[in-house]
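Got some structures for you, see below.
In the two complexes that follow, chain A is the common piece, with chain B as its partner first and chain C second.
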Partner chain A sequence: MLEILLNHYPVLLEGLATTLVVSLSAIALGLVLGVLLAFGLTSRHGLVRWPCGLYRSFWRGTPILLQLLLVYYLLPEVGIEIAPISAAILTLTLNTAAFQSEIFRSGISHIPAGQIEAARMAGISSWQTRRRIIMPQVFRLTLPPLTNEIITILKNSSLISVIAVTELMRVSEQIASRTFQPLETYLAAALLYLAVNLVLALLSAHLERRMTGGLATD
Partner chain B sequence: MFDITLLWEVRGLILQGFWNTLWICFTGCLLALSLGLVLAALRLANPRLFGYPVACYVELCRGTPLLILLFLLYYGGPSIGLTLSASVAGVMGLGLYGAGYFAEIYRGGFKSIPKGQLEAARMLGISRWHALTHIQIPQMARLIVPPGTNQLIILVKESALISIISVDDLTKNATTIVNQTFQVIEPYLAVALLYWLMIELIARGGYALEKRLANRQPRPASQQGATPHAHG
Partner chain C sequence: MPMADTLSPSSPPRQKSIVEAHGISKQFGDLEVLTDIDFSLAPSEVVCVIGPSGSGKSTLLRCLAFLEPYDHGSVYIDGQLLGYEDRNGKRVRTSEKRVDDVRAPVGMVFQHFHLWPHRTALENVTEALRLVNGLSRQEADTEGMAMLEQVGLSDRAGHFPESLSGGQKQRVAIARALAMKPRVMFFDEPTSALDPELVGEVLDVMKKLAADGMTMVIVTHEMGFAANVANRVIFMDQGRVVESGPPATLFRQPKSERLQQFLNTWRERNID
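Let's look at the complex of A and B:
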């Protein structure tokens, strides 16, 4: 295992870099979409709530591999040529947005209604209330489940190797077939995934400790 | 645009895939549930000896993709004399991966039962075994049903990955149909609906079980937001 790591570290690290770029862009884009969806899910209008709920149900209820294949093969059918890496980022974004929207929705429901009523009394617009009052608290409340979601996406990014994106998993497959040492190679890859995820978990725990103050309670 | 007759023509492949996904998920989940229970029991019975190894195992499952585990079993296995068929590797992969998560779910349920209850039971002369079967397990069962259901759903969805190690499951057969008919939407959407159906059934089952358990037992004190002194 160590031998594989030492002999092939440049390609492995390159693969890891692709894994990180794809996952982190999907997380960031999914965050924006997820927040918007969460507003949709908590909307007063049924016409907004219902389609958001259907979206969430589909993307959370089907395997991500199937979603990836659907996006990758469907887009060219309707005349959109898309590179594998873009299809990968798009699928992971659409998937994580659904999961993040549910995390944010639950966070929003924990904000005391009195705060929102007080903001309305004080003449603060509903958009300003969301931006300045609700969301800063929601991000703090939802940090632990958000970290879990980031780790899940990092792990799920391994299956984009199926559509020939040369990330960590695919690089390992190539090394395994060249060296005939699948056991050692995949153990090395597992170690790299584990290391990244442990760093993420530690980072999140550190952030959480630093942000304990400033939360309004009922 | 949606051609339903096409699906009728390939029903054999879809049903075969559905059957394979069903039995592999079922045995994989069963393995995960029981192995997880063993891990959690070992950890609780002797934290000094088993605490650290089990915690490491849990972290390993949480931190590495299932796909890596499947590749290790299927492609890496033979080099240590472990030659598995693709579907057995699939079952073992799902079982070993899920066990790490279930061990943590069981432990969480066990830990959330207030210690005072056990102390009270001992005071009343209730045996350790009796306390376990009549006080701890019934309450724990109710607490672990929601996260357990969640985890089962995750495993069913993750089972699509076994198509990558060439098991003829729903996902693999859908891709086969796509390659044969050059139609993308019908096979993938039909298969997505079947996954959705399985997941919806598990979710409803979990919800029904949770309700049944809730009706039978008083709520544990920890769920009422009570202080340590307020239950009894």
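Let's look at the complex of A and C:
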């Protein structure tokens, strides 16, 4: 395994870089979409809530591999040419947004209604209340499940090799077929995935420790 | 839920009341929690609302603030109808912005404080000053410190709510409401969630406010406070106003059997 890492580290790192670019872009874009969806899911208006619920059900309820293939093959059908890496980022974004929206929805439901009433009575608009009162607390409350989701997306990004994106998994497959050392190669890839996810988990634990002040609900 | 009916009465109040309500009713499902309540509040008046649990007193206050939309009747703040507007002869809910504008003169303090736990005491007070009034951080901090000083908590400015006692939390909540310069303050059982020895510090702040001429509506179980500070006491039971009048009259010569019964129970419990 060490030999594989030493001999092929430039391509492995290149693959890892693609994995990180795709995953982190999807996580960041998915976070924005997930927050907006969570607002939709907690809206008082059925006309807003209902389509958001439908979206969440579809993207949570179908396999990510299928979603990937659907996006990759469907978009050219409607005249949108899209590079494999863009299709990968788009699919992972749409997928993680559904999961993140549910994480945020659950976080929002844990904020006592009285805190929102206090903001409204102070004249703070509902948008400002979301931005300044609700979401800062929701991000703190949901950091552990959010970290899980980030790690899941990073691991699921290995599936994008099926649409010919040369990320870490695909690079590993290529090395394995060239060297006839599949076990060593995939162990090396596993080590790299593990290393990145450990760093993410440590970062999250550090953030969680730093943000404990001022979270107790009254 | 029944829709709010047409405006009744159709014209805004004539007298100089800050808050005025006519015939307001409220139902939760099949349960009628408020029935045909009339209410008015003159400037600098202190009104205490008393009554047994479930009598509708907190719901009344929440309807007067439109935290609970009332189903029938009208609430006016400074002569402006709160929460509804007349559109082509039909009553419809107004926008949130309009609700905010009409109830801007009202500050509210809740039983469970509802401080924002991720903000320090000072930030709880300055948040709306910055967001709503557009003050700079420095201006808001100066104003906020003055408010905390007023409730005797300037030394706790940098503390998060989790490290404050119940009484201190409630005083921060009062400072937060006062920061927006309200003309009337609503208190919804402000001492009910406090340990008995912490009640006094909150009541002292409220007494001082009353002495300074603040117009107040207080839903409370503190009969002593009501007797000493209120200009008028309203006794509610089963969603209706049973009796109202000056505290001396109400507490010494209750007319209704229900109020006599309520006061007797309270006296027995407090003597025990």
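The rule is simple: the second predicted complex is superposed on the first by the 217 of 218 C-alpha atoms of A that agree within 3 Å, B and C clash if a C-alpha of one lies under 4 Å from a C-alpha of the other, contacts with A are read in each partner's own complex, and residues count from 1 in each chain.
Here, a contact is a pair of C-beta atoms (placed from the backbone, for glycine too) under 8 Å apart; a residue touches a chain by one contact, two chains touch by 3 or more.
These figures come from a predicted structure and were not determined experimentally.
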Figure out whether A:Q181 sits in contact with chain B (first) or chain C (second), or with both, or with neither. first
Should A:T62 be classified as contacting the first partner (chain B), the second (chain C), both, or neither? first
On chain A, which partner's contacts cover more residues, chain B's or chain C's? B
Which partner chains sit in contact with A:A189 here, chain B, chain C, both or neither? Use first/second/both/neither. first
Answer with first, second, both or neither: which of chain B and chain C does A:M169 touch in the superposed model? first
Which partner chains sit in contact with A:L198 here, chain B, chain C, both or neither? Use first/second/both/neither. first
Considering only touches as defined above, state whether A:L70 meets chain B (first), chain C (second), both or neither. first
Partner chain in contact with A:S158 - chain B first, chain C second, else both or neither: first
In the complex, the residues of chain A that touch chain C are 112, 114-115, 117-126, 128, 132-133, 136-137, 140, 213-218
In the complex of these two chains, what residues of chain B are touching chain A? 59-60, 62-69, 71-72, 75-77, 79-80, 157-161, 163-164, 171, 174-175, 178, 184-185, 188-189, 191-192, 195-196, 199-200
Which residues, counting only chain A, touch chain B once they are in their complex? 58, 61-67, 69-70, 73-74, 77, 151, 155-156, 158-159, 161-162, 169, 172-173, 176, 181-184, 186-187, 189-190, 193-194, 197-198
Within the complex, which stretch of chain C touches chain A? 65, 67, 96-97, 100, 103-104, 106-108, 110, 112-120, 127-128, 131-132, 160-162, 169, 173, 176-177, 180
